[in-house]
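Sending over a structure as structure tokens; questions will come in a sec.
A, B, C and D label the chains in the order they appear, each numbered from 1.
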Amino acid sequence: MPPDTLPLTTVEDAQRMLDQLFAPWVQALGLQARSVEGSEVCLRLPVGHEMVHGGGVVCGQTLMAAADTAMVLAISAQLGAFQPMTTVQLNSSFLRPVPRQTTHLDVIATVLRPGRQIVFGSIDIRLPDGKLAMQATTTYALL
Amino acid sequence: MPPDTLPLTTVEDAQRMLDQLFAPWVQALGLQARSVEGSEVCLRLPVGHEMVHGGGVVCGQTLMAAADTAMVLAISAQLGAFQPMTTVQLNSSFLRPVPRQTTHLDVIATVLRPGRQIVFGSIDIRLPDGKLAMQATTTYALL
Amino acid sequence: MPPDTLPLTTVEDAQRMLDQLFAPWVQALGLQARSVEGSEVCLRLPVGHEMVHGGGVVCGQTLMAAADTAMVLAISAQLGAFQPMTTVQLNSSFLRPVPRQTTHLDVIATVLRPGRQIVFGSIDIRLPDGKLAMQATTTYALL
Amino acid sequence: MPPDTLPLTTVEDAQRMLDQLFAPWVQALGLQARSVEGSEVCLRLPVGHEMVHGGGVVCGQTLMAAADTAMVLAISAQLGAFQPMTTVQLNSSFLRPVPRQTTHLDVIATVLRPGRQIVFGSIDIRLPDGKLAMQATTTYALL
């Protein structure tokens, strides 16, 4: 099945898309689909030692990768299926360090404004206690 | 040797820092130090199939991870040695797709404005022909 | 009363700060304080013809100026009083055009993460029907 | 002459566009066209007391407005004439305070990547001694 016919309305769809569409290096993060509600998609990022840098906290690179990935799913959920798209801008703010003992992070992506060409979205990444670790705002272009 | 005494004035220093400081998942990118001139650091990102997503182009997550990594080195070069720091914001613009056949990307990070607490920087990621694939602007906080 | 002793806990405080602290060119926007709740401040921006460009819509420059202004108030509300600060980054996304017939915009600024040195915030600018016209994410440094 | 036939290849064209297209509140800044070279446009912003806030420095709102304005001209220069467009995102970094005694600022806007739909650009705002006061990266959509 070519990528552009992948539907996205359920958590299973989201997991399938995670398993099929993304680059192997991104798949190595082990992101898990948790919920799909309208155009809001929630993923879980299990924290592993391979994400931790010399300072003992989860590296920001991991968070940006998870945010971008979640947004592709949220836009697909808003459209009902995957459609080729490209990230135009992704602006990340790192609000709190993520300690290495953290079990997982919740990555919640939402479409703020759909469009035929340009889609605006935002992503919150939260610690298990709900505190915001990272927030990103993005624009994507549909191809 | 604890991370906060790693000097950074040469390409070898930069490579050592790449090998010791960053998270294993980031090290898997295989970034190579190419030059250190003042506070400008150039890394090479060899393009591999594990960075390519279902659409056949290098995923943006790879570029953001390379940009953030290069900036840590550029700030360390400006300071003369690594110092604990944290990314505050990283804003990425994706100007051109990077085709899967691309052999490598050049990642050039520069300190725009040093500071005791906040450091401003920018990163260009270029295709082998010199064209800009991605540009990022960042702020870091020294800890 | 020197600026750095201006308290900010009420709408009247917010209006006084708008009238005293900001540059005359910003004051010309006629921003009105509407509510102060914790660290969330809501301002009203009355739309005037002097904000409309040749394309017949309210210019983005107006929205960025209103967002930055509202954030200074929100940070002051979070601190309980104005304190010298400087904008580090302000990232604006323009989601919808604001037609010239619009009577006013609501500018809602919130502190996402306070800090001794760096404060993270976000600003929503909404049309009278509640739709998002602009969203900004910011970092400020307390001086 | 309707706006969408305004050519932009010379400094005089740029000044005419400044005088005709922008909102009166933006025109009040008194921006002056200085040079047009390819898709790079340089404007001068004369600093006036009406741009200075209670802390004694030029307000960031002024810099963002100048940056956005200059970018519209740079894109028009790249196209050869004004064409309806809208700012998608504008990300501003404030690197240095601009003291009230500053006589003027140079606002240099460049198209980084033209496109049929999306245009990427960057803007540097420099003090008279050449130091960078503000840097912005932007995306615009051509309508």
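Everything below uses one rule, namely that a residue touches a chain if its C-beta (ideal position, glycine included) is under 8 Å from a C-beta of that chain, and two chains touch if they have at least 3 such contacts.
All values reported here derive from a predicted model rather than from experimental measurement.
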Write down the chain pair with more C-beta contact pairs when B-C is set against A-C. A-C
Please name the chain that ends up farthest from chain A once chain centres are defined by their CA atoms averaged. D
Would you kindly tell me how far, in whole Å, the mean C-alpha position of chain C lies from that of chain A? 29
Separation of chain A from chain B, taking each centre as the mean of its C-alpha atoms, in whole Å: 22
The distance between the C-alpha centres of chain B and chain C, rounded to whole Å, is 34
Chain D residues touching 2+ other chains are 88-89, 91, 93, 139
What does chain D use to touch chain B in their complex? 91, 93, 95-96, 112-113, 120, 122, 132, 135, 137, 139
Which stretch or stretches of chain D touch chain A in the complex? 88-89, 91, 117-118, 139, 141
For the chain B and chain A complex, residues of the former touching the latter: 3, 20-26, 28-29, 49-55, 58-62, 64-65, 68-69, 84, 86-94, 97
